[in-house]
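Consider the two complexes below, in which subunit A is the common component and subunit B and subunit C are the respective partners.
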Partner chain A sequence: MEPILEVKGLSIAFQQYDAGTRQRRLPVIRDLSLSIGAGQVVAVVGSSGSGKSLLAHGILGILPYNAAMEGEIRYDGELLTPERVEALRGREIVLVPQGVTYLDPLMKVGPQIRRGKRSPEARAKSRSVLERYGLGAETEELYPFELSGGMARRVLISTAVMETPRLVIADEPTPGLDARAAGRILGHFREIADAGAGMLLITHDLELALTIADRVVVFYAGETVEEADAADFAAGRLRHPYTRALWRALPQNGFMPIPGAQPYPGEIAGGCLFAPRCPHCHPACRAAVPYREADGGRVRCLYPEEGGTP
Partner chain B sequence: MKHRLQFAGKKLLRMVLLLLGVSLAAFLLMSLSPLDPLQTNVGQTALGSMSPEQIEKLQDYWGMNTPLAERYLGWLSDALHGDFGVSLLYRQPVLQIIGQRLANSLGLLFVAWVLSGVLGLALGVTAGCFRGRLPDRLIRGYCLLISSTPAFWLALLLLMVFSVWLGWLPVGLSVPIGVEVGSITLADRLYHAILPALTLSITGVANIALHTREKMIDVMESEYVLFARARGESRRSIVLRHGLRNVALPAITLQFASISEIIGGSVLVEEVFSYPGLGQVAVDAGLGSDLPLLLGITVVTAAIVFAGNLIADLLYGVVDPKIRRGAARS
Partner chain C sequence: MSLEAKNLSFRYRRGQPPVLQAVNLTVHPGERVGLRGPSGRGKTTLCKLLAGYERPGNGQVLLDGRPLSGFRGCCPVQLIGQHPETAVDPLLRLGDTLYEAGPVEEEVLEALHIAPAWLDRYPTELSGGELQRFCIARALRPETRFLLCDEITAMLDLVTQAQIWEFLLDVASRRDLGLLIVSHQSLLLEKLCTRIEQLDV
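And then the complex of A and B:
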């Protein structure tokens, strides 16, 4: 199957002023690869500060002016150039952002969903879209500050399906919601994917991601460390020690945290980024570690077969 | 509704206290002034040729023999009855003078106020939207240059260029010299108001443009503008749909707060252009120790400024949905 989105070796770095006028390059995402097929939900999971949101902005071509992007993004088999993404975003490629702050605080919900269109067709469409997510027509007359957290998320999803998207990028769509509401929101995403769109779900919540994802890409300090089938988690077929630690940190799987914290961009040494926290670190891990195919997934670890149990 | 009334009541009380404070401050400053009203208004030579009785009478007229507290309280009780007294310099009721002069100044102030508001908003939005690029640098440079230029100096410069060198515009006054009152046209008045209004607008623009630019930058960096970009909205659409809307609230505050600056500026500008407006007569009253007139002008201008701020507060309730809907619910 031809993937709808294919990202190869993507890196994003910031130009920053460091101590006066000296500029420095701050790499935030390094060598990221993933692919999403039509009808597939791919979750990118990583803790906060790992550069996940920038991945969404990078694909959409809305990075800040001081960010530089390298690597290759293919959409529908063709290179996604800045001109192409400009024509596609909001139509075929849509973003579902984090929360209510992404809505204009002084504009009513209706016109925001319709993106300023006033035609009767647009009105009918926004009505039906809101209704699909259990929101009445009166929602259109509300201002963002009058929406509850769950309503705001559903309004944001509504903006995405006003047209027929082929790729939906959801950036942390569930924080602040209770488990049931979050589950409902994710259910909506699953529906969109089942209707044929590719879905990139960016989240820090592995547990929620696993409820709808087909594949999971694990992000650590700006690098992809593993790509696995969602089924691999429960089956114990995980490849990278960080993914295993993430899995075991969930309450139902032992609630076991690992010591330490992920390094900040800029204070990164060469070699495996997880090495300082890894229970199975070898001397060879201090050198560069390639991202390679392994057992139906991908992993950035030299000794994935070790460390099934610490 | 009750909420609105309470709001208005509080504001009104605040206005009364403010006017009281302002009039007291003006009175104290004037009484601390080292100017001797007799020497300023009668002249040293004339005083020398007068008998002590005559001087005594003049001192009574200028209120120099009355204790400070008594003078202020006397003025205050009259003013509270609506009587602002008679100007010592002009020998006319204070309110009549203020009425005439305000009528002269009002057009000038209004044009300058609207012009600086509209231009300031347009320049600020443009600069904020092109942050760091050429239009922004030009506008910012202009604003910084103008804000560091004193208004009276700019007035003199414009006077030199447009009236003296080019001869396009009159050197001063609000009407042509040597023309019958009846035959003065509106065009004459407008013609004479161009330079003073221009000076006031040029200086007023800088402040409004710089503040609007800051707000516009905040808006352009906001998450909702990022999302609008992600949805494929063009820069034009973002500025028109989201930018102006979100800059409107602070712009209203700025615009009405700038009334005080326009009135303050008019004092100097009218002086330079010999424009017989309120600003000019304020200078006369201050330098001539004309206490009733000065206090009258102070109170009236303070009331105008306060009314401007009050209108801004009330407009907020109309424009900002958070206040509008919040008040409707309670």
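And then the complex of A and C:
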């Protein structure tokens, strides 16, 4: 199957002022690869500060001016150039952003999701989209500050499906929602994917991700450390020690923490970034570790078979 | 010494329906009380009232039988919030924020994995999970008797979440703190709490 989106060796770095006029380069995402097919939900799971949102902004070409991106992004088999993404975003490639702050605070919901279009077709379309997400006609007359957290999420999804998207990128769509509301929102995403779109779900909530995702990509300190089938988690077929640590930290799976913290982008040495926290670290792990195919998935670990229980 | 909400009612704006109406809740030292309820039911508002951030329209917050508002100095009831990035001064280095209210034990910093280098950073340079560690360290004053934990790990990855709770449960049992834990995650509450209450209108 031809993937809708293919990201190969993506790196994003920030140019920062250190002291005075001295500048430094802060690499936040390194060597990231993933692909999404039609009808597929791919979840990107990782801790806060691991660079997940930047991936979304990188694909959409909306990184801040001091960011530099390297690597290859292909959409529909062709390179996604800045010109191309500008033409496609908001139409074929849409973002469901992280928070209500992405809505225009001075514009009512209705005109906002119609993007100013006043035609009867646009009105009918916005009406039906809002209805699909359980929002009545009165919602169109509200300003963003009058929406509850759950309503705002649904409005954000509505803005994304006004056209017929082929690639939906959702950035942390569920925090602050109770389990039922979050489940409903993820259900909407599954529907969008089942209608043929590719879906990139960015989240820190592994449990929710596993309820709808086909594939899960795990991020650690700006690197992809594993790509697995959603079913691999419950089946105990995980490859990377960090992914196993995430799984075992679920309250129902033992609630077991591992010591230490993720390294800060400026403090990254060569070699495996997880090595300082890894129970099975070998001397060879101090050198560069490639991201390679393993057992139906991908892993950035030299000794995935040694995972077991630490 | 116990923390008691007596018949609390609260509304944000006059003429609007109350967020909380006649809510009663007691937390004893050493207890870990879970609080759940759908979004928008006033869980955070209840925490703010219990910690003295807001005053109730009706009812009382009592600590050891005395109104909480009568306590002077460091409040024995400390609230740790859901959005650490809004709970620290963006213009202060985190070391200054941390020590603003007085010294913090070295062991607390170690147990929370706060790297010494973070003390020189500004809040925008750290992630939410890293900032939350500062908020927790800051709330653990010697005077603290009760901790209100309002979705304090909702934004964190699972490993960090488990790490932070392992530490907090340990501190709470050593110091006989009473905990009120707000979360949407039922499994988390069942794991952590000695008792779970449902907040419904």
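Methods note: the second predicted complex is superposed on the first by the 310 of 310 C-alpha atoms of A that agree within 3 Å, B and C clash if a C-alpha of one lies under 4 Å from a C-alpha of the other, contacts with A are read in each partner's own complex, and residues count from 1 in each chain.
Here is the rule we go by: a contact is a pair of C-beta atoms (placed from the backbone, for glycine too) under 8 Å apart; a residue touches a chain by one contact, two chains touch by 3 or more.
Computed from a predicted model, the values in this text were never measured in an experiment.
Participant: Given the touch rule stated above, what does A:Val161 touch, subunit B (first), subunit C (second), both, or neither?
Facilitator: Neither: A:Val161 stays clear of subunit B and subunit C.
Participant: I'd like to know which partner A:Ile62 touches here: subunit B for first, subunit C for second, both or neither.
Facilitator: first
Participant: Please indicate which partner A:Thr101 is in contact with in the superposed arrangement: first for subunit B, second for subunit C, both, or neither.
Facilitator: first
Participant: Looking only at contacts as defined up top, I'd like to know whether subunit B or subunit C touches more of subunit A.
Facilitator: After superposition, C is the partner touching more of subunit A.
Participant: Does subunit B (first) or subunit C (second) touch A:Gly90, or do both, or does neither?
Facilitator: It touches subunit B, and subunit C stays clear.
Participant: Of the partners subunit B and subunit C, which touch A:Leu206 in the superposed model: first, second, both, neither?
Facilitator: So A:Leu206 only meets subunit C here.
Participant: With both complexes superposed on chain A, which partner does A:Arg115 reach: first (subunit B), second (subunit C), both or neither?
Facilitator: After superposition on chain A, A:Arg115 lies in contact with subunit B alone.
Participant: State whether A:Phe145 touches subunit B only (first), subunit C only (second), both chains, or neither.
Facilitator: The first partner, subunit B, only.
Participant: Which partner chains sit in contact with A:Ala249 here, subunit B, subunit C, both or neither? Use first/second/both/neither.
Facilitator: Second partner only, subunit C.
Participant: Would you please give the residues of subunit A that touch subunit B in one complex and also touch subunit C in the other complex?
Facilitator: In subunit A, nothing is touched by subunit B and also by subunit C.
Participant: Taking the complex as given, what residues does subunit A use to touch subunit C?
Facilitator: 45-49, 148-150, 175-182, 204, 206, 242, 245-247, 249-252, 255-261, 264, 267
Participant: Along subunit C, where are the residues that touch subunit A in the complex?
Facilitator: 37-40, 82, 113, 115, 117, 126-130, 151, 154-163, 165-166, 184-188, 190-191
Participant: Show which residues of subunit B lie in contact with subunit A when the two form their complex.
Facilitator: For subunit B paired with subunit A, touching residues are 222-224, 226-233, 237, 241-242, 245-246, 248-249, 320-322, 325.
Participant: Spell out the part of subunit A that touches subunit B in their complex, as residue ranges.
Facilitator: Within the complex, subunit A contacts subunit B at residues 57, 60, 62, 86-91, 94-95, 97, 101-107, 115-116, 143, 145-146, 159.
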